[in-house]
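Okay, got some structures for you below.
Shared between the two complexes below is subunit A, which has subunit B as its partner in the first and subunit C in the second.
Up next is the complex of A and B:
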């Protein structure tokens, strides 16, 4: 089996001309030095980059949703950026109902020791859809599922977009949206009735329970036993 | 003892002069005494209360003094379910099933504010008191309770166990939930108990 994931050493791309970023002192609220990737993004995707905000020393790049996947893929693949690690996918809804919902990606470059925040704004009244970055970062799978679970944002291209934290039959909506009441939409007894009606076993899909994909990598004795029809885990 | 002659088991005789080796007691007392001093706990720890429960089981507070050092992680061999921590709605069918898998006699301790009443989590995700899912014998207040508090609750449970009568078969009856709503208590009571109170009435964000 080939090594599909090359080992990344922290700071391996740094040279004497581009030293590692040091911990800044007296960081201003707004402004300050940008992450160099922001300028590179502006040069590479002049139409997609809407604006760049530096707040508390962290760079946020607002991009258009249509070209998000191209941007993320370029940030991941380009050796001058090499953002190997997606640390978070989340979203923000503001209490000001006119402000758009923001979907946030936190990218980290281990080789360059950089941190970049990407944001896509989804205007109110438009469908909450944005491209999934799962083709680039496989770790986005559960992050996007959680974001879908809490905000109802659909990620196009996600292989298995289901609720993650709440159960799949949950009917009350998306809890982190501002129009969601704190105690939920149903009465306590109705919530309890629906929760108790769920089977604990039904939380997992067959894909999660199945080991068919890993069959060839199992030990020989386990393969033999499974081939004879022995059931495991029950 | 090995040299003494074997007693004749076919004859029951009462000789006040030689009562050595005899104990006479009530069966209720004997059974309850042995049950109360070997309550095997089924720990259902979901939050910080479970840390206090671990401290209770560790050497300083030493749950073994109560015959409870044997944590039974299988509900089929447990006597007392200790629910330590908040129970989200997603776990409600799980704790219900664990309770149903435990064999009689069985008891339940609701440890801490969250398990007893939902505590500070008066929101869409948390069960407002596990007594709406399963019957509870002892509530231990605190957030989280100190080990002394849990020990006091355990001693209260022991007192309760020692007061049981075997002739009273009704205390072993398994409560069956209502088939349509799957609830033990009427839905209106659950709604009433789940009403916000105190400061919580001002903390809802519904309708912006």
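Up next is the complex of A and C:
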């Protein structure tokens, strides 16, 4: 079989003298060596980087939401950083409801063998919106959709921000928010009633229905909702 | 909006009219009596050029490995568009975890990626231990490596068996599941459960290995490569097998990284990314093993990578057996580990510790940690945020097969419908982990 692609080796940007990575031992709670990318970010984006925290050996950079996409794009493209791998996108809401909601990105640089956590804080009372990193990482597609599904955070620039794990007509809100009760907002009888009353067509997206023109046969309210892209919940 | 695409199919058969009566076709002849060839009857097949068909693959379909639903737009037999739907098994693990103590979450980790339950248990407590700032004992570290590699072997065996069944080969499935049974028997002897093991605790393990267990493991290490060789002999050079897998579902290394693929999916594409080696945990850097890497990124390479990984797991197991030290399994910290039962019923201090641990649970300092391990499916991460109470503020699972599956439209579009089954099986999805 021919070798069609070059093999991408992780750690390729490091010099051969760099010691091989080892299991972290005796990691302090606070402090410790900082990821060099944090200093580079502070130098490159002095206004956007709010603070840097090193906790349990993991570097967290708090950035402002407005310049998130620029920062992520630079981290991805700059050969000195080359964060080519997006591990995770998620959000955190604290039990202290006055604390801002944090949107969290976990990035990996395979070439430099680095791990970086980016955070954007969204104050309560402001619209839960942040830029999508989908233009840089295609893998953010479902991760951001899940985050929208569970927290109601809108990712501007995401091509298809629909509910993912829950169905599109889910009306109870965003389950991982702290004001959402563990058993759900509706009673079991109401949940059952809604499940039985649902139309089979409601399990298809507008995109799918347009393939077979079943869209025109839907009830008027569902057509309007699908067409306007109205989001359920809240 | 596209034009109306309802396909009108004429319900008739050659020689019958619309009511089903036989049609008498008069023989025609020229005036001098010589017969004339009849014109071929007009084709009854409607012209389907440009007509696309909507197919709903799943959620209840044996080849979707659970309850995955793929809405496929087909042009003939070629997939034009694929729209996946997930969430049929969603039960809110992450929400439930916010109402549970750390040790009480461990049973939930069994149930997400249920083929790798022991590996998930280990991964979760690694994250929790970083949050608690605990270092485990040397014996516990080696036992956890054994647990992770054995569950990797289980998961890959199930994968290769079901992948074979999806493509149409049945025998390798039987070989694979027989070996899997051996590993499950070993887990049963170790922690008392087969599938939902809950084998770890924050700061240690639920149990030390029983007497004679290492001999069973050595026996397994001796015999298991033979099974792999049998499966390999059946499949690797099989014409049907290669015909169904070579060149199907190709992913370039750049795309594989950009789509966030991990584990065998990204390694088959030629990216040598293995969390065990690049971001080590459990002293994996001290073990001698190779990271197999594919060249073409197709389903065949994914098969080769996983087969080789099983043999590398056996290598790691051999080294782990050799180096397993004696000593305690659990850390010596009464704030984390339950006291012995006889002490809890006879000593006042142990009883208080027991009561506090059961009723309140151990409390980590406020903070957060993200610990990723190399699960059989890829990078599995547990992100935990604590506010200093005994229950996490946020418990996030980074599911590898969730991200791997999200690339399925990119993988299947342009392929035949039959290849959708192959590609979907090659991703190695577990819907319990995807939907959580």
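Here, the second predicted complex is superposed on the first by the 179 of 234 C-alpha atoms of A that agree within 3 Å, B and C clash if a C-alpha of one lies under 4 Å from a C-alpha of the other, contacts with A are read in each partner's own complex, and residues count from 1 in each chain.
As a convention for this text, a contact is a pair of C-beta atoms (placed from the backbone, for glycine too) under 8 Å apart; a residue touches a chain by one contact, two chains touch by 3 or more.
Predicted model only: the values in this text are computed from it and were never measured.
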| item | value |
| --- | --- |
| Touching partner for A:191 - first (subunit B), second (subunit C), both, neither | first |
| Dominant contact partner of subunit A by residue count, subunit C or subunit B | C |
| Partner chain in contact with A:199 - subunit B first, subunit C second, else both or neither | first |
| Which superposed partner A:113 touches (first subunit B, second subunit C, both, neither) | second |
| Partner chain(s) touched by A:179 [first = subunit B, second = subunit C, both, neither] | first |
| First (subunit B), second (subunit C), both or neither touched by A:167 | both |
| Which superposed partner A:40 touches (first subunit B, second subunit C, both, neither) | neither |
| Which superposed partner A:128 touches (first subunit B, second subunit C, both, neither) | neither |
| Touched partner set for A:52, first subunit B, second subunit C, both or neither | neither |
| First (subunit B), second (subunit C), both or neither touched by A:8 | second |
| Interface residues of subunit A shared between complexes with subunit B and subunit C | 95, 165-167, 175, 180, 182, 203 |
| Touching residues on subunit A, where the partner in the complex is subunit C | 1-11, 20-27, 29, 55-58, 60, 84-88, 90, 92-96, 104, 106, 108, 110, 113, 115, 117, 137-143, 146, 150, 164-167, 175-176, 180, 182, 203-205, 207-208, 210-213, 215-216 |
| Footprint of subunit B on subunit A - complex, ascending | 95, 97, 165-167, 172, 175, 178-184, 187-193, 195-200, 203 |
| Contacting residues of subunit C [partner subunit A, same complex] | 1-6, 52, 54, 71, 73, 81, 83, 85-87, 90, 92, 94-96, 99, 130-131, 133, 135, 252-253, 255, 257-261, 269-273, 277-285, 293, 295-297, 365, 367-370, 372, 379, 381, 383, 385, 387, 389, 393-394, 396, 398, 402-403, 405-407, 410, 435-436 |
| Subunit A contact footprint on subunit B (complex, rising order) | 89-90, 92-94, 96-97, 122-125, 127-128, 132-133, 177, 181-183, 187-188, 190-191, 193-194, 196, 203-208 |
